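Notes to accompany the following structure.
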């Protein structure tokens, strides 16, 4: 669907704590097979990246950011991951689906391609506006979004990758921001809280802060074995 | 109840991740028995179809779309599936019940028969309108629905199969659309979001995008073994 | 409490899917003991009936409709069922408690006795009105309920068994209707949706459609073994 | 904190159904140890009582009503119960914490001491008022509460033990009423539903009806073994 | 990020009841390893403290209060704890992330450093204001907060450690108060409930009351073995 835009999906994983009771070799084999499946699929995706939530979010350990033109590739990857031994111990508490399209609030004509900037952190959350927002005149919405965009531009190290989920998932938007430091993003959101557009927010949770890491590092943190930071602990 | 319309039901299944730890032969036998039960019942239903959610929805792996004149056939199928070994590992996080009836907003006099178009994707979700909708004069509701129907008609590849659940399940409607590509449906819903009828939406989630597949393919994706796409992974 | 009315309770059961992995003899013994306990208690209740939800509701397999003058009998039955082997695998996702009393909207003076009509289906759901309903003048509420009762009377095959839960459970009412066909009840509820009384509905879910069956048939459908419909599958 | 009032706490327990699959001796030992811990702590509490929900509530089997001047005693009892074998199979789906204080709506000057009346039933629920209630002039609140108190006084067999949870638990009040028969309490609450104070209710669920029993009887009903009512079943 | 403020995080733990069925030596080893990991990391945090909820909260056993300049240290600690045997039996029902910044309602210019006062109790909860709050003129918000701060100051034994979560977690603020006695905090919150600022509260639950203890004591209470209060039971 290259003329239609890209599919952008996020899958959140949580390992059953009982997995940590397995012998270390069995855990290592499970992590290897999962990482190999990700690595095998990566070239077929526009982008396929891993983010760790270990030690911060209560409900997930890591998540994948998946970008592709081909919807069915999401199912193929899911099936391949289900064939790994780790899948016998993984739950997916959240998974979000969205697509790109040309924004109606910028001068863009074509669906934007999502290009990760390789920042160390990604903040991502589902977003729903209140119904009255959609009854506002277009000029008022444009003006409210202009304010939003203007404030966002003042935070130069923060990159917005918002996509659209209307009708294909439970939220309207998937909001995603890469940043250099989570506290920077807090300051942006605190500033935006007083804007007119924010007053039309129906729901903007759960909010996930992910640490960009190689998928093998995200998996290493599941049981603290083989992590790059292990010897600092 | 052929003069009363059809029962239209959707059952969503999620396999316990621990099932994936079973020996491959035991998993294969479980999938076979489940598929055989579906295949044995298919001729007794008007339609009995499978859709995969693997890799996309966090809370279910596949779902069945069941259409029949005979309510009790739903119970018989449920009992037969409970007799298969896979039923020891399956949960049904969602199940929805609806019936057809003549729409009050079209010129139809008789309950429409639901006829799947064999599109590759089915988008389905439970739907509840706000109570003030029902207090509007009939003319205003007719006019709002006319707008909805007119916009929908502009998306010729999208087919609407909405049914009625008042009093027999937790939603008012089961909204179901077949389409050629999920992104097309996103564009339709984005357009509809600004209509008057949409402003009376109380709830329209969870939204499920299913990939139409043979039931054996839906089951193959549970553990990635025997899937038609397996060798592409 | 015969001068106070009757207690009317509904208990919903869901079997752990893992129970289906037990040897068939162990399952049969568990079902037998549960059925025997029900049969032993039935004479002590005014009514004690079973309804199957297999194949329709996602969250329960069957439910009991229990009617008695003696509150403590509910605890005794619960304790006796806990002594059966099936209780090691049963969850009760829902249970509802209500009592009868004279309705303030009919000319009845004494608490109505609930008398099941033996219809094949029972539709039951907890019900809460909005707080503004209770601030309406009594005449307006009477008039709104008159409309409700008049419409209900046009559906002669549907029998209303509503009871009262104020302060003794999480809902205000337990609404229960026996009917010959679930689709008939959908038509009644669709018609009522436009009445004034309906606009004061705060909550009317979850809605359960039960198929009246002998308790042994409800249990047979848990694993599809011994069901009366087994050989039709 | 005798000059500050008493801590009043309710802990709700639910046994894992799998516990019922243990050998009867192991179950008996688990129940004995739990009962012994309760009995050992009872003299250190002002009151420590057990109530059974078996056969009625779907989400708990029994609860403890704990009254003490010493907050840390709650932690000590919790730790002691965690040391019993039954704690390997018990969940606490709910637990509520409150304190006594002098009511602002009566002429009392000192925190009331909570004194159970030994009625057979206790109805208990968390309670939150809407925020606009707190913006009403004190005279209007006084008048609304006077009406509440006057109606309550007409139900002489019902005893109110309401306590305060502001800031120390998720509700504002813990409402608790002892009564002779649950249906009596339904009639009181039905009457109160039309009062002005009730219109400011934000939340008053879940509502629990407990049967006062010795703790050993509450435990006996978990598996129906050794219950005082066992031979009536 | 010393010029940006500190990260302040709270992680809540609940042990799987089945852990209590393990041999006592295995439990002791699991508790030791967890405590050692905490003790090893403590010097790298500004503060790293444990609080017990045993016997009071239904959904968690203890929590950690973590304060650091270095976001990634939260992930490192999480990974190290995942490597301990206890992590095979621990769930984290809640976890909250916040940062310090200069308050806009006081004369402070620099982000406050959070300095625990070593009080015996910590009350902590996530907090969200209603959107209309943010549309109030700054003077009105200042005046409302002045009232709040003035009332808080009258409770000299209660110390406020509020931090900011906008955009990096599901709440706007993490409100935290150290106090000498939970009942004192109830009186403060009861007083604040009538202030103007409180009327703009959207959500302020769940509320946790933690007892400050050494981490080994928090763990001892999981199974009541080795607790400092064990011999008082």
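Just so it is clear, A, B, C, D and E label the chains in written order, and each chain counts residues from 1 on its own.
In this section, contacts are C-beta pairs under 8 Å (C-beta built on N, C-alpha and C of every residue); 3 or more make two chains touch, one makes a residue touch a chain.
All of these numbers come straight from a predicted model, not from anything done at the bench.
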Query raised in the report: Copies chain A, chain E: same or different interface, half of numbers shared as the threshold?
Result: different
Query raised in the report: Taking each chain's centre as its mean C-alpha position, how far apart are chain B and chain D in Å?
Result: 44
Requested in this report: Please work out the Cα centroid separation of chain B and chain C, and write it as a whole number of Å.
Outcome: 27
Query raised in the report: Which residues belonging to chain B are in contact with no fewer than two other chains?
Result: none
Report task. Pick one for the touching-chains graph, please: line, ring, star, complete, other. Result -> ring
Query raised in the report: What does chain C use to touch chain B in their complex?
Result: 17-21, 52, 54-59, 121, 123, 181-190, 193-194, 198-199, 201, 205-207, 209, 211, 220-225, 227, 229-230, 232-233
Report task. Using the touch definition up top, name the residues of chain D that touch chain E in the complex. Result -> 1, 4-5, 7, 9, 11-12, 16, 37, 40-41, 71-72, 74-85, 87-95, 97, 99, 101, 131-132, 134-135, 164-170, 172
